[in-house]
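Shared chain: chain A. Partners: chain B in the first complex, chain C in the second.
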Partner chain A sequence: MPGTAFDVRVDEIDGVVTLRMTGDVNRGAQEPLERAYSGTTGGSVVLDFSDVDYINSTGIAVIVGILAMARAAGREVRAFGLTDHYRQIFQITRIADFMAIYDDENTAVAAG
Partner chain B sequence: MVKPFRRSARAETPQPESAPAPAVSIAPIPIPDHDPLIGYLLGAGGPVDIDKIEKIELDSPAVRELRQAGVHLVVPLISQGELIGTLNLGKRLSDQPYSGDDRKLLRGLAAQVAPAIRLAQLVQQQEAEAKERERIEQELRVAALIQQTLLPKELPALAGWEIDAYYRPARAVGGDFYDFIPMTNGRLGLVIGDVTDKGVPAALVMATTRSTLRAAAQRSDDPGAILAEANDVLVDEIPPAMFVTCLFGVLEPATGALTFANAGHNLPYVRTADGVIELRATGMPLGLMPKMVYDVKTAVLEPEASMLLTSDGIVEAHGPDGSMFGFGRLMGLVGSTSNATALTTSILAELDRFCGDDHEQEDDVTMVTVRRTPSAAVSAQGFDVGFDVIERFTLPSEEGNERQVMERVGSTAARLGLGADRLERLKTAVSEAAMNAIEHGNGFDPALPVEVTVLRGGDRLVVRLEDHGTGPETRDAEVPDLDAKLAGEQSPRGWGLFLIEQMVDGLRHYAAEGKHVIELEMSMEGAS
Partner chain C sequence: MTEERIEPTVPADKANWAPHVERLAAGGVNVGGRRLNGPQQGFGPMWQKTYKVRIPGVAPERVISEWKANYGSFWPSHSRFNAPVAGIQPGEVGNIQSMQVLSTGIMVLYTDDTSFSFMTPEGHPFAGWITFSAYDDGGTVGQVQLIIRPSDPLWDLVFLFGFGKGEDMMWQHTLRSLAAHFDIRTEPETNLVKVDKKRLWRNARNITKNSAIGSAIHILGTPVRALRRPS
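Take a look at the complex of A and B:
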């Protein structure tokens, strides 16, 4: 079974930027995700993983890259929609220390 | 030794009717350490007439010299009970004796000057010492750097073996070293050695020895021939007063066979079912004499046997009462500990306990421990005793195929009843391992397949992936530094092996028959 191509859509509601991702977060996600992120401005960024069911180590590197950019710009990054497995991986890698993970979109958006 | 500081002084009396007379200069007169004048001046504490000193008939060459130089009055400079110099005055220009006022003035002057001079002497001395210390520290840094650069960064990961190494340099950096050298047919060269001398010279000889041994091990797999070749090179390369003790072992991981030769190094200890034995082989240290011959001996490390290689820093360590740690104590520790890492830890703990809390380590402490694990069931040659092959397939090395390996192994593991949470973990590990095989092992060459085997033995599930990379690959147990990555000081990548290690219960890699093999093990934990 081949993977699912990555795509990302930018939603901005009441000043909160949400990057809605679909497909596999791997090497192929780097370019579109960085482009989508760079097109946004302002404060917090919310990453929506609801339609992501595969993240590999290269995908983790892509997320770390986004976190590094956000950190340099002083922007907060939050996330929701992760399966228990990937939530655990984000904890093991300590990414969760730098990107608060919420159960659903409402709590993630409201946290700002 | 002579007192370092002497000063001439001049005395003058104003003469209103004529121009001031020229000053009379007296050359410094050293007073030897044993001269009785020193004791006398310390006792006097203030200005003393030379006439008066002569009257008491001290047997003092210095007094005679002072008189000859025309000194009339000696003013001792005393700081903290020590005579640090004298002010020597000639006769007054008026030919009058020194008055009570003069003496009072000179006594006051001496009292003020002496501590200032003493301070200047101390500052000078401290500056010189600090410079020397800095020079020594710098040299130690260089020596430590050379050594750290050349010692292996990673431990070899061999299926069925636990290998551990430990190195703690003495402050002066002795010349200890160890090395792991991949050899033909999946064999592993084990090296431990010790260069006489310390510091930078030892570090440089260690560097030469290491590269010489590595080069010799490319041409031969006979440890005796390797040491003989290294010896002949080193005789010409290193200073005559220096030599290197060294043990060279060649381990065949599949059988536990060890071939070894010894150039005057401490004997390895092996813990067997029947107790601890020494592995003896004779030979002269490297670099002393040309054309030496080294005994080659063999031994077999059975399952659960462990071997300890050390240098003399442990057995020759001293306790507070001056006694030595000794071979017996070390052998006892080898006999009482089975696990390789635990052996290192228990030896260190015992060594530190023996030496006492605030001892300074005299010599480098170096240990290499090698243990054959009991579970030799899974082997690379297909002799998977006690394991059933559940599934076997190959895929070409194309980007994205790791996803297929993951799904296929995943559905097999699910069918075998692996729990959902552990299934996800296994899938992530398999995907990462497959990606490594495709990318690093086979370099995305579609003609080179990745071979995948799923095995089950009891409640152990093993996924074996084979690629055509050159092994044995060393284990990269380093935890990626997220802070450095976020700060842009490190590439955001480098998570693969870390993830695999975190996801599975067991991880082995090794080289077998020209292939690189990685095995991921997961316990089925109560699955049907």
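Take a look at the complex of A and C:
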């Protein structure tokens, strides 16, 4: 259920940046997620949704903002840890057309 | 060891989202049969446009409830929104008529008590989402946020030559009307951010679905359709 504050942690290994999100991806996620992304440089970006329980339509727009910034910088974005429900939402919103979604972290990181 | 994620049978927010559709079944000219486009399916530079108005003393839930119920009446007189019969509900399609000539529409992507979002079909002037929300920020704020790209090279040109400003004026008018609905006279704030200045040339073919061209063909074909109609 919604109501968990958003947080994000950045891991960077071998040029792959992983943004580990926890809590709800909604309006409150925009500023911390953009700040976390802006603090990274270099190669691919992997979004970890394993500890995300809720995403609303504003949160989808936040994710697309990150996707657009990364693509403008020539950085590939991949994702893992989405529930089946949110995988379907990513298909409805057509984010899945531009961001490969994987079942687990190892596959997502290795895909680059 | 990988922990298996156990999902509830029915996600709590499933009813808030539109079901997946390949193409819109319902809708008028330039809507039925079209696919939905997010901003990454558009062509021109990507913008995040945010318009806000302060509506103190009115709960966010009430703002959204009234906004959904009176959505089209807040628009400027040159544009008309034909709301879905079922109202602003996930998966419903609304038709838009602008300047008497341009026909297009939207699908309701998401709704909850404090927000609702639309997604545009192929051919719409822009590709992306519009989210309408109300929230507390030291008093209630009503907000429209677009995350969009002009859909094709023709719409990109039209945006460059004034349609973008017209878009701003439309949403500012909408927010003024929304505030006035609650007897508040105030001016909206506008914040425009170019998220990605690149044009997505792979999507230039979107022009084949351009709603202005489609509307013009539809209007020119009216006499022919009238002649074919059995008397």
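Note that in this section the second predicted complex is superposed on the first by the 110 of 112 C-alpha atoms of A that agree within 3 Å, B and C clash if a C-alpha of one lies under 4 Å from a C-alpha of the other, contacts with A are read in each partner's own complex, and residues count from 1 in each chain.
Going forward, a residue touches a chain if its C-beta (ideal position, glycine included) is under 8 Å from a C-beta of that chain, and two chains touch if they have at least 3 such contacts.
For clarity, every value in this text was computed on a predicted model and none was experimentally measured.
Of the two partner chains placed around the shared chain by superposition, chain C is the only one that A:D104 touches, whereas chain B remains out of contact. Look at A:D24: by the touch rule set out above, it reaches chain B but stays clear of chain C.
Once chain A of one complex is fitted onto chain A of the other, the partner contacts of A:I60 extend to both chain B and chain C. When the two structures are aligned on the shared chain, A:R71 is found in touch with chain B and with chain C. In the superposition on chain A, contact is made by A:R94 with both chain B and chain C. By the touch criterion stated above, A:V10 is placed in contact with neither chain B nor chain C. Note: residues 1-2, 27, 54, 56-58, 60-61, 64-65, 67-68, 71-72, 83-85, 89, 92-95, 97-98 of chain A belong to the chain B contact set and to the chain C contact set alike, using the contact criterion stated above.
Across the interface of their complex, chain A is touched by residues 399-400, 402-404, 407, 421, 424-425, 428, 431-432, 435, 480, 482, 485-488, 491-496, 498-499, 502 of chain B.
Of all residues in chain A, only 1-3, 24, 27, 54, 56-58, 60-62, 64-65, 67-68, 71-72, 83-85, 89, 92-95, 97-98 touch chain B in the complex they form.
For chain A in complex with chain C, the touching residues are 1-2, 27, 50, 54, 56-58, 60-61, 64-65, 67-69, 71-72, 81, 83-85, 88-89, 91-95, 97-98, 104.
By the touch rule above, chain C contacts chain A in their complex via residues 2, 5, 7, 11-14, 16-21, 36-41, 46, 48, 109-110, 112, 115-117, 119, 129, 131, 133, 135, 145, 147, 195-198.
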